[in-house]
Amino acid sequence: MKWSIDISGTLSPLGILAAMMQKPNTIAYPAVKKETAVGYRGFHTNLLVDCIGCANCQDVCMNDAIDMIKTDKEYNVKNSSQCIPRIDYGRCCWCSLCTDVCPPDSLKLDEEYLGVTQYASDFLYMPKDK
Amino acid sequence: METNKHITIFHGPQHPGITGNMSVELDLIGETIQKATTHVGYLHRGFEKLVERRTVIQAFTIVCRICVPEPDPNEANFAMAVEELAGIEVSERVKYIRVMVLELSRLASQCMWLAGQSGSIGLYAVGQWAIADRDLILDLFEELTGGRVYHMYIYPGGVRRDLPDGFLRRLEKVLNHFKKRLKEYDNIFINNASFKSRAIGVGIVSPEECIKNGYVGQVLRGCGIEADVRKDAPYLVYDQLDFEVPTAQGGDVYARALVRRAEMDQSIHILEQVIDKMPEGEIMVKMPTHRKFKLPKNDTWVKVESSRGEFAYYMAGDGSEKIRRMQVRGPSLVHAFTLLEDLLVGAELSDVALIMNSLGICPPEIER
Amino acid sequence: MFATIKNRFATTDIEVKREDLYKVVVQRDAIFELIFMLREQYDYQTLNAITCCDWIEEEHFAITYILTTSDRKQSFMVQTMIGREDAQIDSLTHTFEQAEIMERDLHEMYGIDFPGNQNLVELSLENWVHTPPLRREFDTLEFVNNNLSFREGRDGNMDVKKEMKRLRALKKAQKAAAKKAKEEASEVSDGN
Amino acid sequence: MDEGFLKEQQVMESDLNSETSHKSSVDFLMDWFRRRSIFVLAYGTGCGAIEMPPTFTSRYDAERLGIRGAATPRQADVIIVSGYCSYKTLRRIIRTYEQMANPKYILALGSCTVNGGMYWDSYNTIKRLEDYLPVDMYVNGCMPRPESILEGFMALQKEIGDGKISSWQKYEDNYAFYRKNQEAVLGQTVAPAYDADWYLYDGGL
């Protein structure tokens, strides 16, 4: 390697010091929470007054993540199987194909996304009713 | 081999200077590399088997995982291949939106490269800035597609969501920010004397070798060859957009850096045209349900220009609702083996990370 | 170009897929001659990829060599069929250096042998002793079920179609029973 | 029936019922130090590695919380298993984990570490990470956002500060169980064993 003096190449990087005057762009997470965008693909919600228990979501899910289970809550009268989906969050990839095929549009993805746990057995998720 | 002279070390998979989960086995005398062998497979998931088990629509969600830093060329390739086999024609608006997504993802991927390349010579401040700027693009993606990294947006037959209100204005704002920022990157990184002294004359590739061995992307353009799938075999609406294919002379790490830097300018230029020209129209053709959508018995080969070069898919259908065969030919496959093993011989140990980053090797697309 | 290929290789199977993509299917013993001819006379300088597709019903693998011109404007898919048992085709490493890694990949995934390639060692897999994974007879889900286990606790899954049927039958039965009870009640009241 | 994660409630209740351990002031101090200096091994094992740069650089700046990168396993406290884990990587992760000095923790990202994720039918990835290594914290998502990763780190810090986590101890105590599972997928070649006598292994030093 040949060594030669490169004055502009040595001095111009010092322009980085100007950044000290700028406002930091850090989002100080626990104190400042950035809003997720509208339509963010977070956890599932399922409006039970609309859900008809058709299992289209189970059929389209390539990850085998959706179980149709019996519910003890009040369900739609048109729900001919009396089953509602329960999602396995050890499988889900949040592709939202299940919400695309939902005929009454009851299954949706919400903005909520935070799930931290110490136990892997907490992996089953019952969509919130909203 | 002479004893007490050679030393064999593994550069990776656990190494801060590696471009992903892969490793290079180096045979050294002192600090000089005598022989390099690439090992991959740490990220092998068997995508090509998995898509054979799924219907076309189900397979669409899995393909974007093939290349992690830049998922969109995969989605675009998949959608284009399926559309070609099934004979679906998409609207002009869809094409423009796809171009926008592809260029945004190229810009984001170049930011990632900027961070890796500067990190490999110890200029960490550039990395901090570039990753933060990349996040601005990811915010746009989050708004547009609902996901930060895996967008699952370019669907066979269209795109999944329409542009939100005022999206193009916000895109313009980010682009203006980038234009200002790129000048600063020039000052602190591209023209930096320490980068120049490390990069010039390192990892030289000759143009003849490039053509013969099928190298793509910045390796070709760094040798002064104007090669770009967007110009050579235009897909989507790239033939209606005005842009240049930047080249540089020398074929070394610095030439490839200059090419990548100039490509960022071109991406911004293209995006500005897309903002002006965005037509109205349908965003999705009517698609049958996933059990009814069938591909005819036929095969095809489609390619797009990713941020690292030509990214191609071979796809064959067999008349059923499942894909018979999908083979991914990413740019890194030949780069990581034929080229990298060649370039590293005779190089210094400290240049390994530099050379790997300048080739932009992305292991998940090598082993799928 | 097409006329020359048709005459020399006795094939009519030339397809124009797109304006920049042609495809031809030739006999196995003629494929390298064709590749060399394309390379020498028609400027198809680059080997882009070697792909393989398993047609298990027809008992053969379709091997496709994808060649590109040096100005990268035209691609040519040259396809040939080889038998699935003891699959074997000569290596192209002597002409194209990059063929080594592509053949290594196919060797691992399909078990195709490439005589002439010195470096057919494992690429992505490690200590793999089963059927090569991309062959159609290899069932990945069966492999997973035999070797690995999923998490327990996902019980309670109902077969929705069956459940709907059962509930419909139940409802019907209930209705019928109610009707019957009603009829009986009315009969009783009539009798009175 | 509850909404949300089905077992969360149960875990919180059991937390309330457990008796608080009595720590000496030295232990208290050690835990306090540990939770404020978490060195994360720079090993991107899967797709989750793509969200680690934003977490550790200026946008989300994990160094505010005392979390930063470490280059070698000897200096690291936490290894992040970011998503799916192929057999070939699992072997390296086990090797790396065993080289790390106590106390050490594992943070698992994404669906794939819990129940196979979207690669549930893949022939080359493991499905449940906890069979092979003791996991301290799972973060949900595919991919988890940087906020989620930070939240996972903060939960880990809280547990460390309370002195509750001793997963490396669990690994040593139940080594036979883990070793059996590791050998079941990787064959007999996981050598050397964690409890191997290094002075005698491979011809001795």
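As written, the chains take the letters A, B, C and D, and residue 1 is the first residue of each chain.
Basically, a contact is a pair of C-beta atoms (placed from the backbone, for glycine too) under 8 Å apart; a residue touches a chain by one contact, two chains touch by 3 or more.
All figures in this text were calculated on a predicted structure; none of them were measured in a lab.
Counting C-beta pairs in contact across A-D and across B-D shows that the higher total falls to A-D.
Separation between the centroids of chain A and chain B, computed from CA atoms only, is 25 Å. Per-chain CA centroids place chain A at a distance of 32 Å from chain C.
Touching two or more other chains at once are residues 58-59, 88, 114-116, 118, 120-124, 128, 142, 145 of chain D.
Multi-chain contact residues of chain B, defined as those touching 2 or more other chains: 41, 44, 46, 49-50, 53, 61-62, 129, 132, 150. Within chain A, residues 25, 62, 86, 88, 90, 93-94, 120-121, 123-124 each touch two or more of the remaining chains.
If the chains shown are joined wherever they touch, the resulting network links each chain directly to all the rest.
Against chain A, the residues of chain C that register as touching in their complex are 151, 153-154, 156-158, 160-161, 163-164, 167-168. Chain D contributes residues 41-47, 49-51, 53-54, 57-59, 69, 71, 73, 84, 86, 88-89, 92, 96, 118-119, 121-125, 142-143, 145 to its touches with chain B in the complex.
Per the touch definition, chain A reaches chain C in the complex via residues 53-55, 58, 67-70, 80-83, 86, 88, 90, 120-121, 123-124. The touching residues of chain B, counted against chain D in their complex, run 13-16, 20-21, 41-46, 49-50, 53, 61-62, 65, 68-69, 112, 115, 127-129, 131-132, 134-135, 138, 148-150, 364.
Partner chain B is touched in their complex by these residues of chain A: 1, 3, 6, 8-10, 12-13, 15-16, 19, 25, 36-41, 59-60, 62, 93-97, 100-101, 109.
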